[in-house]
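Each chain gets a letter, A, B and C, in the order it is written, and its residues are counted from 1.
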Amino acid sequence: MTAAPDHKPTFADLSLSDRIGKAAPYLLIPVLVVLGFLAIGSTSSWLTLTVSGLAMGMMIFIMASGLTLVFGLMDVINFGHGAFISVGAFVGITVLIWLGSWTGAPSLMLNVAAVLLAVIAAMCVTGALGWGFERVIVRPVYGAHLKQILVTVGGLIVIEQLIHVVWGPEEIFLNRPETLKGAFTFAGAAIERYRVLAVVVGLVLFVAMRLVLRRTKIGLIVRAGVQNGEMVEALGYRLRLVFIGVFVAGSALAGLGGVMWGLYQEVITAGMGEEMMILVFIVVIIGGLGSVEGAFIGALLVGLLQNYIAFLEPKLALISNIGLMTAVLMWRPQGMMPVVKAK
Amino acid sequence: MLTRPLSGDKPRSTVLTVLLLVILVALALAPFLFPGVRSLETAARICIFIVLVASYDLLLGYTGIVSFAHTMFFGLGAYGVALASVHMGRGWGALLTGTVAGALAAAALALVIGLFSLRVRAIFFAMITLAVASAVAVLVSQMSGLTGGEDGLNYQIPRELTPAFRLGELFGVRINGKLLNYYLVFFACLILFLLLLRIVNSPFGRVLQAIRENDFRAEAIGYRVVWYRVTATCLSAAVAAIAGSLFAIWLRYVGPDTTLSFEIMLDILLMVVIGGMGTMYGAVLGATIFVLAQNYLQSLMGVASEATEALPLIPNLLDPDRWLLWLGVLFILSVYFFPTGIVGRLRSGR
Amino acid sequence: MSDPILSLQGVHTDIAQYHILQGVDLDVPRGQVTMLLGRNGVGKTTTLRTIIGHWQAKSGAITFDGAEITGIPTPARARAGIGFVPEDMGIFTDLTVEENMVLAAASGPLDKARLDWIFAAFPPLKTFWRSEAGNLSGGQKQMLSIARAMAEERKLYLIDEPTKGLAPAIVSTMAGALRDLKKQGASVLLVEQNFSVAKALGDTAAVMDDGRIVWTGEMAELSASAELQERLMGLSMEAH
């Protein structure tokens, strides 16, 4: 279970196979895209599916990133994370419905302003909710996985039910803002505008997250904390505060993911977060618990594969993710890029 | 006198002993004590859930593993009986085949999931079971050709187990096939429960508890932790499947909502926690109290909701559809403040 | 020794159900290297971990630089001026050597002069400055782990077995660096199994047995008496 002690007497350069091993997960995405092309045959369908797969993957990544970091940092597995997705969607969509005149107008400025306001509202509410959730639900059960799972599942149910109380039991249908509707044609393929936007937002977030994690001191603390929290504290950092920050940020991102997913599906339900959590868990597991990069790759793989398979063999789409998870775990039982715990 | 069938695991509390005896007697004589279709339905449901919850407790309470796939195994058993009855025709052979096939399939699936997830980290298991169980649930409702989809399957069981089979009257109660069916369920559940009690009190069960307390130490002493955990998972899955088969025999109907839904999974979790994790008797109390409450409290909530109609938000909170909300709150509170459940309280208060 | 930098009075620590520290009384004088000695499993590591706060003392008092720190959390103890080098080195293997050092300077950017001093003591760290710390050899990791504690001026260094499992050449590098630290007037509490290193570095010594301090005195006195070593530590350390 633990790694063998390091006996290397001198510094050894990474061997070629080590390097390939490290890069292999990244290579899986182009490999899958090429395989998809070969299997589908038609360039235009393939392009459409690839864009929608990437869009879906990016949205799942946004939802999964906070969860994986929270786990890595404090060994807390939050089954209630899905509730933030739902709440974010309901808050965001409510704002969009209030701003109906802005979203209905064919003006890019007004549309973007409305979506931005909706996103900000959703992220504020889910961030605050996350803060409360951490204090009330998670804090009393640190270090006890069993209780953590039970209590956070309880929290998920309660929040989901409260959504019913506040917004009623029915699902809510919505229209995307005018300028985000429809598709454009590129290389003979119809590509939905909104999907491109989702890909762009996802990429920007991923790059920003990497920058924060690599280039800032907070990022260093988080990465070090994922490996060995005790040592980070012994260096004088209050890891608890950092953890709360990550928890709140992760919850806010789940809220953002919820709004984006709602706009993508054009319908929202209280149970949507719970449904998404299943994909999120798969992504977090195949990525390697605690790894943001792993979650990113995992999310793209899940999104692409699901779209390709849905086109090729619709009945298999559901279990394609389970198949993917099985394959990855056979290859790397800890996930693609597991975080090496120093203990 | 009773220690042998109980495998030496005595209730260790007078109140608990009395409660268990009351439940046993009430269930054993249910058709005579509480005549009526609805109460017999409730009694059968309690029997089946006691076994289902006890088998879950083998995992959660005794092994310390959280699974979200217990309803999947339950459903496998139920669909096993249903499919066998549909395809092999009405008969005892179909029931037996379906039950055995369901239990074997459940154990095999549990083996695969266990080998994949428990090898790495026990926490993987919770996430993977959740993913697999939800995929299976969706699959079942989509493959309508085989499973009847959302509508489920209706099928016929041997005539001796249906109300059409009449034997006469006893103490003013009509003795018919339904009553025989009930006793089939009751005795099967009793045997399964005693079997589970035997398992947890065997050397195997002791090792499971040692692993739950400290898996590193158990591994260090030389127990193959993964093997024990996987075996417990398979046993628990097989028993859950048999409970599912009994449920299918009793209802003569299976559908995704009655056997596979996440809501039932939550019910099971709640019953285990309320009754007391890691005590088989907790399953008895948890299941009994919960099923009774579910049947009668929901109607009470409806009344309360109507009574408060004039107030804002309150009627929404009290709506019978919000039953789960209160369960969730109760669940969180019991995990925090009541982690040993009713049985734990009764035993410590002795 | 009127005012020790660190003082433990009747400290008891439990780990799970085990009662590890059973009333530790220990003074660490300012500006000296204090060796914490004893056989394996007598509670030396637990003592250090209790001082930094990874384990909470069940009873007793820990006073650091005139203030009681018994109940306060680990980060506050570190900020009060305690540097800690754990037995397992606590290297962040996914981070580069540079990132490890940047983190170690908790109160601000790395001090250039200090860094030069560290590079002089541990040249490999300069060579592998931008490499992942996980790729360092065991000895280099140990260097990094001590360098991290040295990244800032600290009032007290707690160092747990810095020469464990190292090749003799690296042991002497390590001893040189510790001597350097001592020359600068730092207060150090050092757990060390290698008696020759202990002899060379230690000013005072405290010997533990069964969760208690059983002997304190000058290091010179201990190293001069084989009989004392035999009695306190069960075997003569002179063999090393």
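We take it that a residue touches a chain if its C-beta (ideal position, glycine included) is under 8 Å from a C-beta of that chain, and two chains touch if they have at least 3 such contacts.
Here the structure is a predicted model, which means the values were calculated and not measured.
> Taking each chain's centre as the mean of its Cα atoms, which chain lies farthest from chain A?
C
> Which chain is most central here if centres come from C-alpha coordinates alone?
Most central by this criterion: A.
> Between chain A and chain C, what distance separates the C-alpha centroids? Give it in angstrom.
That gives a centre separation of 42 Å.
> Per the centroid of Cα atoms for each chain, what is the distance between chain B and chain C, given in Å?
Inter-chain centre distance comes to 55 Å.
> Give, as an integer number of Å, the spacing between the C-alpha centres of chain B and chain A.
34
> At least two partner chains per residue is the criterion; list those residues in chain C.
Answer for chain C, listing residues that touch two or more other chains: there are none.
> How about chain C: which of its residues touch chain A in the complex?
Of all residues in chain C, those touching chain A are 52-54, 73-75, 78-79, 84, 86, 88, 90-95, 99-100, 102-104, 106-107, 124, 127-128, 131, 134-141, 148, 167.
> Spell out the residues on chain A that touch chain B in their complex, using ranges where they run on.
1, 77, 79, 137, 140-141, 145-147, 149-151, 153-158, 160-162, 164-165, 169, 274-275, 277-278, 281-282, 284-285, 289, 315, 318-319, 321-322, 325-326, 329, 333-334
> What residues on chain B touch chain A, complex-wise?
60, 64, 66, 116-117, 119-124, 126-128, 130-132, 134-135, 138-139, 142-143, 219, 262, 266, 269, 273, 313, 316-317, 321-322, 324-325, 327-329, 331-332, 335-336, 339
> Of all residues in chain A, which touch chain C in the complex?
The contact residues of chain A facing chain C are 5-12, 14, 217, 220-221, 223-224, 226-228, 230-239, 339-340, 342-343.
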